[in-house]
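Here come two complexes built around chain A, the first alongside chain B, the second alongside chain C.
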Partner chain A sequence: MQNNNDTISINQLIFILMLTMVGTGILTLPRNLAEVVPYDQWIILLAGGLLALSIALIHGSIVKLSPNKQYFQTLCDALTKPIAYVVGFAYIIYLTVFIALITRTFGEVIKAFLLAKTPIEVINVSILAVSVYLARRGIEVLARMMEFIFPIIILFSIFIFGLSFLESDFLNLLPVFKIEFNDIIKGLPVTLTSFVGFEMILFFGGYLDKPQNAMKSYRAIIAVLCFYLLVVIATFSQFGPIQMKYLVWPTIDLFYTIRLPGLFIENVQVIVMGLWILAIFSTIAPMHLAAVTMAESLTKSKDQAYLAAPFLPIIYFISIVPENISENYEMISKYTNYFSSIMIFVIPLIILVSLVIQKKLRRKVQINA
Partner chain B sequence: MHKKIVICIALTTLLLTGCWDQIEIEDILQVGAIGIDKYVPAAEDNKSINDKQPIEEEIEKNLFIYTFAFPELNIEELSNIVISSVGDSLYSIGRSLTNRTNHEMIYGHLRVVVLNSDVAKDERAFREILDEVEDHEFISRRVILLMTDEAAADIINVNPEINPIVGRFISEMFSRKDRSPRAQRGDISSILGDIHESGNALIPKIISGEKDVKISGAGVINNYEFIGWLDELDTTQVMIFRGDADIVGTRIPDYKGVNIPIDVQYKKSKLKLVESEDNIKIVAEIQAEGDIKRASFEGKVDTLNPDVVKDIEKTACDTVKKQMESAIDNVQKEFKTDVLNIDRFLRRYHYDLWEEVRGDWDEIFPNIDIEVDVNLKIRRVGLAR
Partner chain C sequence: MGLWEDLFGKQKQNIIKNKETAVNKSLDKNLEIIREMLVDCSDVVYREITIGCDDKFKAALIYVDGLVDKHLINDFVVENLMIYSRITPPSTKTIKKELSTIIKDKNLAVMEMKEVENIEAAVFDVLSADTILILDNYEKIISIGSKGWAGRSISQPETEAVIRGPKEGFVETLRFNTALIRRRIRDTRLKFKPYKIGRRSKTDVCIAYIEDIVNKDVLKEVKRRLETIDIDAIIDSGYVEQLIEDNWKSFFPQIKSTERPDVISAELYEGKVAIIVDNSPFVLVVPTTFNSMMQSAEDYYERWGIATFIRMLRYLGVLLSLYAPALYIAITAFHPEMLPIKLSMSIAANRAGVPFPSVLEAIIMELALEILREAGVRLPGPIGATIGIVGGLVVGQAAVEAGIVGPIMVIVVAVTAISSFAIPSYNLAIGFRLLRFLLILASAVLGLYGVMLGTLIILTNLCSLKSFGVPYLSPFTSYVKQSSDLKDTFVKAPFIGLGVRNTVSDKNQRKRMNDIRDEDFNEEEGS
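Presenting the complex of A and B:
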């Protein structure tokens, strides 16, 4: 165990943030956008990205204001101890349920495309087991794992999305600039859902070797925004906004349309599924570790390793709560619309305000003294 | 110790390749083509496939005859195995066929789906089939969808001499870039796109011969229903209008007593909306370049004379324009179906107007003015004058 030198660099943190954000949402994002407006979906995406960016700056400044402190410690400083316990516990519930819903989506997709005869229970438990293994090892191993996964995902996905452009029709993106302000507001929750995961900086910011760099984490949002723009433009130019509404997982369908004579494999989606499993794993694992570190602070334990495994059965049982895939998606959208926005936006904002006021007061006291 | 375990695991994964959900590759039937016909119980023998059910109930159940073609494995000479069965959906047939074959059917390499026109005439049946294909996890969106007025099973049963695997033969025909646009793009992705967009589409028509098949013309789908066949010349013109045609061979049958074939390369056509108060008017600008492929040996037509070339050019323009106008007239007056994708043009470039007309587009489309402006330039004349 390397508990004594648990530090990561800002670049490693950016890798973790990027990979946490890119997860299940990528499969459904184009359809969700198409359901809001029949045109200019990319503008909604940009607006959502800007909102996420501003929230990320809030998170960044929290980390900067309370350097080298665990998130729970920050909560105690900002909200007093009893409230911090409640909020910390809420965060654990939030992360657990979120991982569960992602796991369920993961299981459903894998069952549909790859392992039709494998029980979903086995699929879910397997990915969670790997995640437990990583969560036991702590932040350093996670960061190195993400550094390792990142180039694989990026290189392959740019190559594969590039292939999809060979047969797409960019006129499908027309008309442009028709969107009204109300539509943008309506579409914001949808896009914000896709950026969920950047709150990991709150949990992992305490491990930064140079906390003053925390603000740089906005780069992760910009990178992910660019990636989502690529996905949205690729899928919309292939399917058009009207057909998109009828496709459950448009991003997977996109790869069913790729045809390239002389390609060494006929079905590119095999590679895509491989990448996607990595992407999901890199969403589940950081969230799992975040929940574990929070539990560690709440229970005041010295080692987080033994706390990782107990999450597995809890997450697993929540993941089989939705009766079917439609209910699962319904729950995800409600969950992210309400609970996520509180946990990601409202609470950090309160913390930031409280920290800033405390800092000012302290300065005043110093001046007066 | 750790390293040894990791190496062992890595090596075992290598040994596991080729194993997929506990099915050996020899036990898989790779369905290459599916033909779908409407099941009509023969009236005279008055027997149903299931003796307990009266015929009327069977008709109500919307039964189809599915015909599957698999390439035969382990045999030097390529050929197809064809199985046929009656059922209400691809899924239920797949289930019932588990009692008829010792192999597992998978659709991952399906290339072609052929629909009998009777299936497409029935809106409910047609929608069911389309959704079945779109919903299926393993059916690729590159599958070619075709229609025929013969029995679809007959098409599936053809063993083309060039490549006896009928599914692959047809799909390779469609992937040829230089294919003459006598039938439109057949991949199900673009057809489904069209149908999702407006309920209208063209689906390529296939005709069977003794030893081969031919794609020619298209079935017109209006509001999720098949309403008639567009012949191959009209289909070509519609393709040119939509900008989907690339190389088209055209000819001037009688230019000063000479039959001149011209190889024409079309550019993407440009549509324009002309503002007028009483009616919607669309002007299509069609640009193309042509090569004269033949004149007459030591004949009257001197292809090195620019004036003659200009004159041929003009005649060619008129010929193409006339053909296209007749095709457009057909589409507007006979089929009353917007397969020219003008709805899409309006939605993309004139959204406000589209919002006004989209509700009654079916009634408006047959009466709009469509003007064609053909601009064909002849660039090359061959090696002899």
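Presenting the complex of A and C:
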């Protein structure tokens, strides 16, 4: 019986985190890695994963320290109210722009592979409209939806990646352990981009039924890390690092190489596109809802349903700002390098420090009293 | 509503006030009041009699013709009052005052009897098929239970036939239905809680549950929602269903209705609540999940292997009935490269002579199918079957030969129709029938992408539904928390694996079966 409205379990939160992360990274991660180093990409990935893991622990402890509180409330507690308003608004901008850039990428892919003649505007607006439909319904529906979608995505993608290994050449992965330390540092921002999405725990942590379990969210990072390792190994063993640099969407090109005799469907790219839509939707929708919850706290409104739709035109207009796909990618990388790292690393760190100090002080007061 | 009240004040409540008229001492006066209340009711029968050998005591019997068991009234009420009271002691002389007691205790040989104190209650009893006996000089009215109308006898449920399993179904009479359930649950903790709903119809509604297994929150919610119903009449359980369901905007039924007493009792044993409505053979079960709508009674009576296989086929049927035409449009109009080249070519060749775009083709055929189906339901049995054959074969063949639709489209429509009949719950199948058109339109505009978007919308809607607090898609949306519920979904575990109730039921009563058999029944002792 789950009668109580607006609470989710830690497992559901982990599902949300995993799916949010997967959508951001899966398409471009291999190419971005190939641009950094020609070999040992998986080491960078591991390092980036560890970094993400440590940040996730920061986020988890913030949720743990201020249980059952909306993120804005936490911001108020930690940074005083006026600053909290500024930071909260910055988060909304950050999420909005991020959704817009992802939507743009999504639209470009759909246009390239499914609907060549449909204007990209229609594609973008329609997926955003579905996202509004979900965001109006709140966190519980999102959590159930993500739990439902997760096995579908996982089963199909493991199946498809498995098929891709039939024709891959593992020599492409050689040599190993030749990477230099500087390259790892250089590659960290790239990998961190692929893990963007785990900050959702900040926005949804207030809905947890047992906030003391918030630290368990690290599992989401580990699961996604494993998935990315699979993706990276599959793509690099298929194409090799040199070819990879010139592929716009290496993961999708990977599926083009799959040819199975006797398969009812000529190419599995149809299934892939279906999965791709699911994956991106499950990235856009949580971020959309996070922005809506933040806006709800900022405006002190009681019903979030009405706040979902106004985001649509804003996101849409930002999404058509980049002239073309390469500009879009440039924006994403710059954006995540600077803005994201502030929003998901620097600010949470400050909050955590402030919360810990406050807790210590309070304890001292209690002891003195 | 709150705003409305602020602006315009409270709306006038249109409730008929319950007037209470005390029973008069004089029989004639009582009769006069009752006659006035039931004026122009030609189905009410009045019988004035005298009791005792010297015709000293006057009395009257009133009932509604056709509703009561006349045999019972004639043989055990009228005969006793009029004949035996004259020839058997005590004689009327010795009993001046306690006539009513004697009649009640010694004279009337009927089982159900009660006394009412006001005339309205007595008239209500008359209208609900009891017979009332009014005595002169007595301030109460005796109400004799004489319900005995002609009803449909228990027969095989037509909408939920099974090959193996009990062949009896619910009927329109509430009491027979509760009896059918009681026969399967001989437990003191099975409760039937009565309600009267409908200001005018005063329909008997009864909620059934097993006290210690039932989910208490659900039970409370059911009671609360039943009490909020304010309507003039309840004709069928469909009224109650639509008045208490969680989300009336959705296409999906959130309350399961069934004609089978075995299904109801199994659901009661799972901790659910049944709502039985008089005059309806369909009994409602809450809370209902999508999963339970995909189950059929027979799954539990047959071995687990075939049950699992059939359940998977049903889920496949859902997918086909929902997606087949939409995918056909998406493939032919947008992505012909999806299919193997030869198949793609043959579809294109078949469609070469068709003048319409594939979406129009699909809509024509789907609408024709829906009309045929509706026509088949309306027509009497044998003609209905003929319509199916004429419509399906002849019209389809002719349409293909005339070049209006392609042959593949006919196949797609036929597959859709057959698959939708594989869904065990009729009202769930209706939902998918409507959503199919949504997906057809979506795929006509945006191809495969549109189909996916439509899927996401449907999925969001399904995820947002709750039936009395239980998520509609559980356990598929909470398989981590309720992993034990997965044993009875698209996989049906072997019977011995179903030893634990669903998580809907009360926490302390989860275990229902102990496996105390030996490892192998065939193993010989001592060997």
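Quick note on the criterion: the second predicted complex is superposed on the first by the 364 of 369 C-alpha atoms of A that agree within 3 Å, B and C clash if a C-alpha of one lies under 4 Å from a C-alpha of the other, contacts with A are read in each partner's own complex, and residues count from 1 in each chain.
Just so we're on the same page, a contact is a pair of C-beta atoms (placed from the backbone, for glycine too) under 8 Å apart; a residue touches a chain by one contact, two chains touch by 3 or more.
Keep in mind it's a predicted model, so treat the numbers as computed, not measured.
Q: Answer with clash or fit: chain B and chain C placed together on chain A by superposition.
A: clash
Q: With both complexes superposed on chain A, which partner does A:278 reach: first (chain B), second (chain C), both or neither?
A: Second partner only, chain C.
Q: Is A:337 touching anything from chain B or chain C once the two structures are fitted on A? First, second, both or neither.
A: The answer is neither, since A:337 touches no partner chain.
Q: Regarding the shared-chain residue A:118, is it in contact with chain B (first), chain C (second), both, or neither?
A: both
Q: So, A:171: does it touch chain B (first), chain C (second), both, or neither?
A: first
Q: Spot which of chain B and chain C makes contact with more residues of chain A, would you?
A: On the superposition, C touches more of the residues of chain A.
Q: By the touch definition at the top of the document, which applies to A:54: first (chain B), second (chain C), both, or neither?
A: A:54 contacts neither chain B nor chain C.
Q: What is the contact status of A:133 with respect to chain B (first) and chain C (second): first, second, both, or neither?
A: It touches chain C, and chain B stays clear.
Q: Between chain B and chain C, whom does A:299 touch in the aligned arrangement: first, second, both, or neither?
A: neither
Q: Would you check which partner chain A:243 touches, where first means chain B only, second means chain C only, and both and neither mean what they say?
A: Touch partner of A:243: chain B, not chain C.
Q: Residues on chain A in contact with chain B in one complex and with chain C in the other?
A: On chain A, the residues that contact chain B in one structure and chain C in the other are 115, 118, 266-267.
Q: Can you list the residues on chain C that touch chain A in the complex?
A: Touching chain A from chain C are residues 215, 217-218, 334-335, 337-341, 344, 446-450, 452-453, 456-457, 459-460, 463-464, 469-471, 473, 476-481, 503-504.
Q: Which residues of chain A touch chain C in the complex?
A: Those residues of chain A that touch chain C are 1-3, 9, 11-12, 110, 114-115, 118, 122-123, 126-127, 130, 133-134, 137, 141, 144-145, 147-149, 151, 264-267, 270, 273-274, 277-278, 281.
Q: In their shared complex, at which residues does chain B touch chain A?
A: Interface residues on the chain B side: 21-22, 108-109, 134, 137, 140-142, 175, 187, 189, 192-193, 196-197, 347-349, 351.
Q: Spell out the part of chain A that touches chain B in their complex, as residue ranges.
A: Going through chain A, the ones touching chain B are 39, 112-113, 115-118, 171, 174-175, 178, 238-240, 242-243, 246, 253, 256-257, 259, 261, 266-267.
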